[in-house]
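Two complexes, one shared chain (subunit A), two partners (subunit B, subunit C).
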Partner chain A sequence: MPKFLIWVAVLAALIALPHGLSFSQQEILVFLTINVLLVASYRLLTLTGEWSLAHVVIMGVGAYSSALLTKKLGVYVPVSMLLGGVVAALIAVLLSFPLFRMKGFYFLIGSFAAGEIIRLLWKRFRDPFGGAKGIKGIDPMPDFSIGFYQFDFFEPTSYYYFAGVIVAFCLWILWRIEKSPVGLTFHAVHWQDKLAQASGVNVRAYRTLAFAIASGFAGISGALLAHYVGTINPNAFDIDLMVFVLTWAIVGGTATFYGPILGCVVLTVLNEIVLRELGLEQMRPLVYGAIMILSILFLPNGLESIVQKLTKRRAAKSAPERSPAE
Partner chain B sequence: MTDFLEVKDLTMRFGGLTAVDSLSFKVAHGSIHGLIGPNGAGKTTTFNMISGFYKPTEGQVLLRGEDISGLQMHEVARRGVVRTFQHSTLFAELTVLENALVGTHMPFRPNIFAAIIGWDREDRSGAEARAKEALEFFGLDHVMQERVGDLSHGHQRALGMAVAYASHPDVILLDEPFTGMNPEETRQMMDLMERLKADGITILIVEHDMQAIMGLCDTITCMSFGKFLAEGGPQEIRNHPAVIEAYLGGARHVA
Partner chain C sequence: MLDLLAQTGLNAVYAASYISLVAVGLVLIFGVMGVINFAHGELFMAGAYAIVALYAGLNVPFFLAVAVGLLFVGCLGLLMERALFRPLKDNPLGGLVASIGFLMILQALAVMGFGVRMVHIPPVTQEVIAFSDKVRLPVARLYVIIAAIVLLSALWYFLKRTRFGWALRASAQDPEAAALQGISITQTARIAMFIGAGLAGIAGALTAPLVSVNPHMGHSVIVTAFIVIIVGGVGSLEGAIVASVAYALVHTFVTTFWDGVLADIVGLSLMLVVLIVKPTGLFGSADRA
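Coming up: the complex of A and B.
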């Protein structure tokens, strides 16, 4: 069972990983884990062919909802995270009514506008959103013990394990959806919505479904973030982060499930290790922009295409893999 | 044979152009009904109105007496009326089998929760069996794993019909299904349509290949410039002066 062994090795490496890192690197690892869920959920949306610019704001909806639920209503923290995802999904369903009248470029712009409106509401209404300063002193995840391991959430390592389990579970669900008949229908809606409709697919409902699911998981990632950093504000969910998400997805490639995750991991490592070492962090947007352009020019199918080539060469005899998108 | 699908005073205007002008005809259950006319006569537009792709400007489409005009395409499909498209409209990025699987959407509606937990195994294998059955019926089982973009034109046309057939339709609307097929493929496809008819499926077909139409159809409706021109059996239509005139006149215009 070599495949099983590979997974065990990966799991062991992921568990051992924070112990070889500095405190600040451990913190970055937590953010990376959260961002993996953010970008993986974004891919589900792109399956139906839509590229939204509101995804990060929707993540913020999850963050705000979970923070407020704990602060105002005293909801127990992990439960509030789940509810944060639910609220984000419901907001997405509401947004789908105006947004899904549009397609392609207009959808892109419309989603940006919708996101900015939500951010304006956060800024405008100090009660309950705290205005431009946002919400401070968000309840942390309460510590607990599982016998052999004591979770102490002031330690990034503990939060990394906690977030890691949640993100892994969410990724598993996203994976199951993508590989199911529902996932196939998403592809169908993307590639030929006319024929999908003629086959009885309610195209509008499926686009909304993808948008809601993607938003729900983005909301959970936002809630994970909120209860880790303890403070959120409208600027934490601005277009800068959205551009990073787009860059991760494009550089990684969106034809496979792992493409955007790969992009997120590689660029984060590049950013945190290389740029920080060179003292070039301030130039992150510039460097990201350059990487995006270079990868579109020289690696149009993303980092995943390199992986596909490598694995194909290794298993040249096994059936060729098909890349369903892009 | 009862009146099953009825088109009543159907009209479609695009700006100043009346593409279909007060067209009426009836399709009997279990029959193969041809819709012919010169290029630009409005046949595809009529199909688009019946299938719900266009909302008619005026008039009605009645299915088993129910007015289905103005319904969306998936709602019409769910009532058993499934169409193919004039130009091979397929999921080019997906495999042949996956295309057929999309066709099974109606009989095996995906359920997201069951899919996540893994409680939809029966549905999945049922859908796969149905998809394979449809592909086999249209002689596509040997290219099941190929990408649609790599198929020959004739195979693509056949796949369009297989996707429609996979959904267990009551009525299939076929828009020029024989384009791009060689005579041998056309002959095989005609046999398959006879078999569909024997299965109780009603077929409404638009086709330029007159030999095929005459050999296949029980009833033929001829239209020209959006208007009803003549209707009857193949023999009648072949010798109908108005039809001959329309085709000769049409040929001069369109060539």
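Coming up: the complex of A and C.
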């Protein structure tokens, strides 16, 4: 029962959260929600042991597809978001043919090159991608009402609730995938690829599957972003954001499902809210960089290792209490 | 037309010179330490700002400023080795993240010290070698070309003909076996880091009067260097140099005859093709992947 109560409390806190924040902080909250999906989908990819640098560009593929589908073909916005994810997954399948010939460091750089080529194509071709200035005036999500709450998508709070529900649903699917036999096979592909192969697992197919699923959800997060900010350009999906995703995942730790999400939330709050409030505007990257270095030096297993230690200690404490009763 | 070809060829030689200085340093660090130094572009940037501070700010003679810049960036490399890469020796992804953190610190320091805007540096020399009316080589660019040839030859001699170089190559090949032979891995790592960083520093210092110096200039440099070391095969110094020349030629010609963005696309596609055909790079071997 207490576990259920904790979830209710978390949910209530998440619903109440935007009401205590300033307008700009509410906007950061929306971006944070979208980035949580981005980094959680990235973890699915890292399950198979590959660290891609194309993930943010794939997110951009979702954003561009959804934006173009609504603008050129008049597709209804929520449908276009879903299609954005589908297109991103398809592009990932295409990319997997050259990329999965490589491993390790070569895959890292190869994926960077592939992503950068896509990004530069957006920049080079003004029709239909809008060139360096990108696409402007993307249709916003149409307002709607669910009886007790009126969604008005010019308000960040409304979009936060909308994106929050979608992201929560996607996280649930990602979590189910990870716990399914397919997810266990992903683990096997990472840690025991020779053994997995010898046991009849098609390693290549599973790597492609993980890449496609992760990319699909990244595409949805991109579409969520596009229809919120209303304008996208190639520079919004450059290596800088990718570096942030990478550090969220590594600083948070990738051994657990919540690790990368924890890293994303903690580092974003630290960077966007704490350091801004302290008035360290110019020194922000410096402090952020120092925190990254310190956390990797002193917390090599990520922030999740703190959580694991705390929960373990609690379990250890409660165990002897229970033993006399037994 | 012939003039244009000759001029573009000269531009390509200049580009190949500074790219190979940066890329060879990156390869050296990766070979010996097994870590991808994402901050390498920012070491280049630090070298350029050494010129801004000393030559443009304090009127120190240019070549003295370049020498100081080389030492300064080399020491930054030593700092990275001691503070980041040595403690994270068994954690390659950790080294990557730490170097990204270091990159952000260097960028922030440059912004705080010199501002975000590009800095104007008075030209070192206005002299131009004119081969014909249209084919000209500014002497400032010639300095970069000479520096690349001299330094890379010296490095080659150091690596292949001296005991230090022999120890360095041994620990790049097999750290454990090298350590068993009495080679100090820490010592070789320190030397590699100093040389690698110093080469990036001197490339930045020498090109500073020729490019727009700003805190984010390292970005395009590191991207180019990554392409080059992949095409050449990670861990291969000769490969890095050959790939630098090839990349500079292709990139300069496509930029001249079409445009810069297309040149980037062509460069990246070329690298992808090399990776597809030979996933370990042109000169690479499989064991270091």
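Throughout what follows, the second predicted complex is superposed on the first by the 307 of 326 C-alpha atoms of A that agree within 3 Å, B and C clash if a C-alpha of one lies under 4 Å from a C-alpha of the other, contacts with A are read in each partner's own complex, and residues count from 1 in each chain.
Definition applied: a residue touches a chain if its C-beta (ideal position, glycine included) is under 8 Å from a C-beta of that chain, and two chains touch if they have at least 3 such contacts.
This structure is a prediction, so every number in the text was calculated from the model and none was measured.
Enquirer: Does the superposition put A:Gly230 against subunit B (first), subunit C (second), both, or neither?
Expert: In the superposition, A:Gly230 touches no partner, neither subunit B nor subunit C.
Enquirer: Which holds for A:Pro128: it touches subunit B only (first), subunit C only (second), both, or neither?
Expert: In the superposition, A:Pro128 contacts neither subunit B nor subunit C.
Enquirer: Under the stated touch criterion, which partner chain does A:Pro142 make contact with: subunit B (first), subunit C (second), both, or neither?
Expert: neither
Enquirer: Please determine whether it is subunit B or subunit C that touches the greater number of subunit A residues.
Expert: Here the partner covering more residues of subunit A is C.
Enquirer: Shared contact residues on subunit A for subunit B and subunit C?
Expert: Residues common to the subunit A contacts of subunit C and of subunit B do not exist here, since the sets are disjoint.
Enquirer: Spell out the residues on subunit C that touch subunit A in their complex, using ranges where they run on.
Expert: 36, 38, 83-84, 87-88, 91, 93-94, 96-98, 100-105, 107-109, 111-112, 219, 223, 226-227, 230, 234, 261-262, 264-265, 268-269, 271-272, 275-276, 279-281, 289
Enquirer: Per the contact definition, I'd like the list of subunit A residues that touch subunit B in the complex.
Expert: My answer: residues 173, 176-177, 180-182, 184-185, 187-188, 191-192, 194-203, 209, 213, 319, 322, 324-325.
Enquirer: So in the complex, the part of subunit B that touches subunit A is made up of which residues?
Expert: 51, 53, 72-74, 77-78, 82-85, 89-95, 98, 101-103, 105-106, 108, 110-112, 115-116, 118, 120, 123-124, 127, 145, 147, 163-164, 167
Enquirer: Mind pulling up the subunit A residues that touch subunit C in the complex?
Expert: Those residues of subunit A that touch subunit C are 51, 98, 101-106, 108-110, 112-114, 116-117, 120-121, 123-124, 239, 243, 246-247, 250-251, 282-286, 288-293, 296-297, 300.
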